[in-house]
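Please go over the structures that come below.
In what follows, chain A forms one complex with chain B and a second complex with chain C.
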Partner chain A sequence: MSNFTRRGLIKTGATVGAGLAMPTFITSPLAAYTNAPTGGSVTLGFNVPQSGPYADEGADELRAYKLAVEHLNGGGDGGMMNTFSSKSLTGNGILGKKVEYVTGDTQTKSDAARASAKSMIEKDNAVMITGGSSSGVAIAVQGLCQEAGVIFMAGLTHSNDTTGKDKKANGFRHFFNGYMSAAALAPVLEARYGKDRNAYHLTADYTWGWTQQESIAAATEAKGWNTVNNVLTPLATTDFSSYVAPVLNSGADILVLNHYGGNMINSLTSAVQFGLRDKIVNGKNFEIVVPLYSRLMARGAGENVKGIFGSTNWHWSLSDEGSKAFVKSFGTKYGFPPSQAAHTTYVQTLLYADACERSGTFNPCGVSEALEGFKFDGMGNGPTEYRAEDHQCFKDVLVVKGKENPTSEFDVLEVVEITPRAQVEYSADHPMFAGGALGKCNPGA
Partner chain B sequence: MDAILLQILNGLDKGSAYALIALGLTLIFGTLGVVNFAHGALFMLGAFCAVSLQKLMSVSKITIDPSQLDFLGKPLKVKTPYVVEWFGPKFGNAIIDWNVPLAIIVAIPVMLLVGYVMERGLIKHFYKRPHADQILVTFGLAIVIQELVKANFGANPIPTPAPDQFVGSYNIGALIGLDASYPYWRLIYFAFSAIIISSVFAFLRFTTFGMVVRAGMADRETVGLLGINIDRRFTIMFGIAAAVAGLAGVMYTPINSPNYHMGMDFLVLSFVVVVVGGMGSLPGAVLAGFLLGVLESFASMNEVKGFFEMLYLPSIDQIIIYLVAIIVLLTRPRGLMGKAGVMEE
Partner chain C sequence: MKTISKADMRTLFFVAIIALFAPLILNPFPTESGWAQFNAGYPDLMQRFAIYGILAIGFNILFGLTGYLSFGHAAFLGVGSYSAVWMFKLLSMNIIPALILSVIVAGLFSLLIGFISLRRSGIYFSILTLAFAQMSFALAYSVLTPLTNGETGLQITLNDPRIFAAENISGNLPVTSLFGLEMRDTWTMQLGAWDFQFNIGYYICAIFLLLAFYISIRIFRSPFGMMLRAIKTNQTRLNFTGINTRPYTLAAFVISGMYAGLAGGLMASMDPLAGAERMQWTASGEIVLMTILGGTGTLLGPVMGAGFIKYFENIFSKINDTVLHGWFSWMPDGLENVIVWILHLFTGKGWHLTLGIMFMMIVIFLPGGLMEGISRIGKWWKHRNAKNNNTSHTSSTPAE
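Entry: the complex of A and B
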């Protein structure tokens, strides 16, 4: 006699159905870690702004990701894989598995970015998430990846908090941060503009703006500057005339624009329109400083950026072998030089793949161990180290200024100084980075 | 006093943009009874007329200069705009430099046509539908236009500078013994807005066409019964409203580099302006535009913000317009100059 009963069949069916319907990362106790690749391929999740104000940066990041995948799978000329000091990557995918990818649109909104990352993890079985333009987005997605048990390789995020109070064991940042920008810029500003200066800050009112302003104010005050005022401007502001007008009668002779993207373009345009750069205040020429530059944004500001100092993580005009290899690969494929956003995302993808190869696993804890304290070179920034304590890369920083006589539409910034790593380094328990704990890596099991 | 003068000028300047957009919105609402959420997109399209003309003028002849190298180390491709090639460096560069004023000439027919096509092609099918349907379809249209512009021009702002002669600022405060420099182009924008607004009012007031339109706004049915094709006139008014928004957009480009989203940034505020001014009231829209622009500017002064922060009202500059709107609607439910019967059926 058969043991099958109608009731038993329904129970079994419901159990199996529920199990199949459950997101992979909830069922991961069966696997060693979330989304362990089982077939001949491995899926990476590229989470970039494909719409919204940073869509152009997102598009450049996506180009770089696609180039990195091509190189990892043995296509193209290999780019920076040829100059990377680690020789684990052979063009045979990652750990012998062909690299595939899915993309998500962050819309430069934290909730949308988390939703797209969650979808890539749960539905597409992405074993690693990378991307993000905007620190708010990066911090939100980093938190999600920590909970889900996948590695997050941050893209363009410059807030101190990403590897400061909001750092996570599963998150890694190659891009520099507000503190490093300030540490590199302050001596150059002192040398050019002198010690006795009064600075007025306009600051984007979110995590990046706050930490950038705190960093640059502290660094310049240490050089003798006085901070006259710091005015927070909402991220959605488009017309900055009301914020710029009070600068005229504030007694300040320097305006620091802690703005990025469209904010930077519009605030700088307003400042120039109000004639700030033509003014003499306290017997000195009035000057404007933009602590974080982006070539894509500098193009948007047009003539207004000429002669204005700032910092950047990388620039296509660098002459080291890694940069040259990347510019050649990217330029040949797309017809124009890569941005710093493209550079950092390309490097992050290669670094992740290399860490998998060296650790012999996709397990986030193995990958994390391989990245912590990892020292490398040949990726465009000179000798670099992923510090184990906070998962922040330490390397040289570029001080740049808007070029006076550009030769092409891409030639808008010139490198003024390559500030050595030692000058921008800080201790892991620095007060500006305090308040959070790295925690333990989460494999999702 | 210098700071106050600057904020008054800032407010009038912001108010100019609000008033121009709100004027167009009110014209469309008053004539066709349509709540047009695509009006911000028309403002943006006007701005992109200037961007397109700039791109057209920068179409270049490419020559290879072996003495210079590009970023890949290949001989540099040197671009010389055809305008410069044809008219010589002096006149050619002057044409490129005067792109924005020249774009006005281009924008007028383009925006009239856009308005005509929009009204005949889509909006006329929604005249008898509820306002909610009109809002949905025009908002959808705005998103489509916005995405098309983004696909063609990218997401980043595109610098579209004013002619060199108007770069920099003028010490307007010196006229009354103060020291307050204000950008030339913003002063021009204010003057330009005043001319456009006056022209629209004069057109409606002193021409036969305007008289018929005003009559139609008051009683469409009766004007129709008199044998006048009021629909045709209203379609033309839609085109004129689109052109007004477009011109506001063209002239705005040197103030803030245009991007695909700029229309949406103005749209919500402009609707508040229309509601505060009184639905359907053209003078109300203009008055409220300038009033709210000036209030917004004053609210962003550090002293004012500091005062409101003491009253536990931070970021007053972000909410002042909505606060005023609430107060006006509570005390005058039809807005400052609204009339009985509008949107009250």
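Entry: the complex of A and C
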């Protein structure tokens, strides 16, 4: 034993010595921020769900990212770069550097999404991470980006918490949120279905579901509705019949589905199969509401969405110049119109590139300064502002309805009302958004 | 009985060298080259290699020695992670209290589950552990949301109490550290076209891996280890000779649960977030796969199996169609598309398929896992050398 320890000690000593000698060769990079691009290119990380209940949205987001990169590098027809009110993007990459990208699969799981984002930052030297088709994932990755010192441009995330209690200085969201949906929907629902209604909520059991349910319940209760029950359903649920069956005997005459993606397709189909929509309860027609709608979901649910109300961030049938330009270049490349997920991710990529151009750096603090309070137009939502206090975009919200007579498989939603920005705006210290702190921008390194 | 044999010391030394130079060994390709795709020497993945190595070593103490196949080990990993994150939230960002608590909590938790599950053996034991793990997952996912933050995962925030930490004035989220050594600190060494990343977090994980490995060697070679092997070989006979085996199996179960807790705590120390998916049955299944892939009951096998699976998960899953098109762009268009279409099934999203095929191959042709492959190559090599020596010997004998 003693003999061995001595030899072991010498060996270990030699290795430790070698280890200590190593720092003399080490040249720490002198960059002022994480992953400062050195060559002729800059790498962006597109972290989207390629499997799980939000895989359809993820696939469409990825298409939009690829289109945005093509436009930034001067390819294609330029899309919304031509209609964007800021004219600093010239199709010459970002700050003269060619845009490259890496992709990853979030699997709609926080752990996997963070691992994927980490490898993008550590291995591929991504200077910005974007994506996420689930608020749980978006919040997890946003936290990671804050720690690592890169910018996070949130994709499809609708929870109040993303720019509420979990907001971060390095994170920015263009998409709208649960509060805005509720504020836009409640007056329309009141007008159509009346004041005296009993609502039953089925809610996806994570941050998005919780905050959207809270927002919808508060907004509808203010209009005189009564919330009968709120049942939380796990995100991985595929069969909702056991959740829908109790609705029949609950005395409710409205079913609110706080579900998205594959979840919503399954729960709505289940609800329709149970004959809920043909029921008369309390002398009124039973109705279903889907607060957050997307064309992909509407298409997945088929016939069942006809006449069902919801809200959306953007729809391809809008006729402003920005939307038309985007639909045209997306359609030319892929053969079908983009979804709202594609729209928000495309816009986020352009906004990031534009902020880099305007600030003249990829440094997260410079980019952040350029985005805070930035007012722009021509991106499909009318005049929009990135609020400095919580990094949330404020713009008009669309209230939509499942079309009764669709003309094609893409024409499934019709815009009922464009709710003006003023009606959905809230103060940064609203109770539903309180409890967090933005902190300071972190350039890392 | 106290000494550790030379062969074991050599194995331990070998692991230590590999662990020390992992950042160099895992980055064989220059950063700018096309092959850099296959480099695995970045901090996050290296940390994962070490952490899952610890997990698999612990699992092997139970499964490799006693033959009890637990399908619920991910639960202990998850419990360890949650305990660690709570320590970061309540006490300070130092990883030591976090690791201590995660090992203790995982130990207590495995004592409870082991006490109940070990009343049965074989498939019934596996099913019981699976049931407990799924219960813990469901609890973490929804019922215990105030404690675990449900699907979003437990994270640290700016306004956590952190009673032992200095007041945070930077406005940034604090970073996990070991007495001021930040886990995420990385030295990048540029040598020609290569970038090598030396990360503090990784080396902390590696030290724990070595410690775990050393304890595992001692257990394997101890009378206690011998008793566990006897349980695997013939538990009934052991019972007939008047030995109560339950305390031994329970001890093995708790030890391997504590290993899993340590792994979970380390995971949270490297990245302070704990998600419920960590406890799902697929995660438990992955641990079983790692151990079987590497070689059940061997010392080194589980670590290799863990590395193998994590490499596939992180490297192969990132080879998307664009990358494939880049590789085969020199081919004529039609052929390129066909090749990309075929490979696309096995890379990117399809990495599970590749892993599945490899797993089948290994189980069918090398039932002893990767370690059996290595020992077979070793034998073949020795045999060949011996033969060569023989032939050269005979040929050098002058013919009379």
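Here is the rule we use: the second predicted complex is superposed on the first by the 416 of 445 C-alpha atoms of A that agree within 3 Å, B and C clash if a C-alpha of one lies under 4 Å from a C-alpha of the other, contacts with A are read in each partner's own complex, and residues count from 1 in each chain.
By our rule, a residue touches a chain if its C-beta (ideal position, glycine included) is under 8 Å from a C-beta of that chain, and two chains touch if they have at least 3 such contacts.
What you see is a predicted model; the values in this text were computed from it and never measured.
In the superposition on chain A, contact of A:186 is made with neither chain B nor chain C. When the two structures are aligned on the shared chain, A:275 is found in touch with chain B, with no touch to chain C. By the document's definition of touching, of the two partners only chain B reaches A:249; chain C does not.
Once the two complexes are laid over each other on the shared chain, residue contacts for A:413 go to neither chain B nor chain C.
Of the two partner chains placed around the shared chain by superposition, chain C is the only one that A:118 touches, whereas chain B remains out of contact.
When the two complexes are overlaid on their common chain A, residue A:332 makes contact with chain B while staying clear of chain C. Legend: residue contacts after superposition of the two complexes on their common chain; A:234 is shown touching both chain B and chain C. In the superposition on chain A, A:146 makes contact with chain C only, not with chain B. By the touch criterion stated above, A:303 is placed in contact with chain B alone, chain C being left untouched. Contacts of chain A with chain B, set against its contacts with chain C after fitting on chain A, overlap at residues 51, 234.
Of all the residues in chain C, the ones that touch chain A in their complex are 2-3, 6, 9, 13, 16-17, 20, 32, 39, 42-45, 48, 141-142, 150-153, 155, 157-159, 170-173, 175, 184, 186-191, 197-198, 271, 273, 275, 277-278, 314, 317-318, 320, 322, 348-349.
Residues 1, 4, 8, 11, 15, 19, 22-23, 25-29, 39, 50-51, 102-105, 109-112, 114-115, 118-119, 122-123, 135-136, 139-140, 143-144, 146-148, 161, 166, 169, 205-207, 232, 234-235, 435-437, 439-440, 442 of chain A touch chain C in their complex. Remark: chain A residues 51-56, 229, 231, 234, 236, 238-239, 241-243, 245-246, 248-249, 261-262, 265-266, 269-270, 273-275, 278, 296-297, 299-304, 316-317, 327-328, 331-332, 336-337, 407-408, 410 touch chain B in the complex. Residues 2-3, 6-7, 10, 13-14, 68, 70-72, 76, 150, 154-159, 161, 167-169, 179-183, 185-186, 254-257, 259, 261-262, 265, 296-297, 300-302, 315, 317-318 of chain B are the ones touching chain A in the complex.
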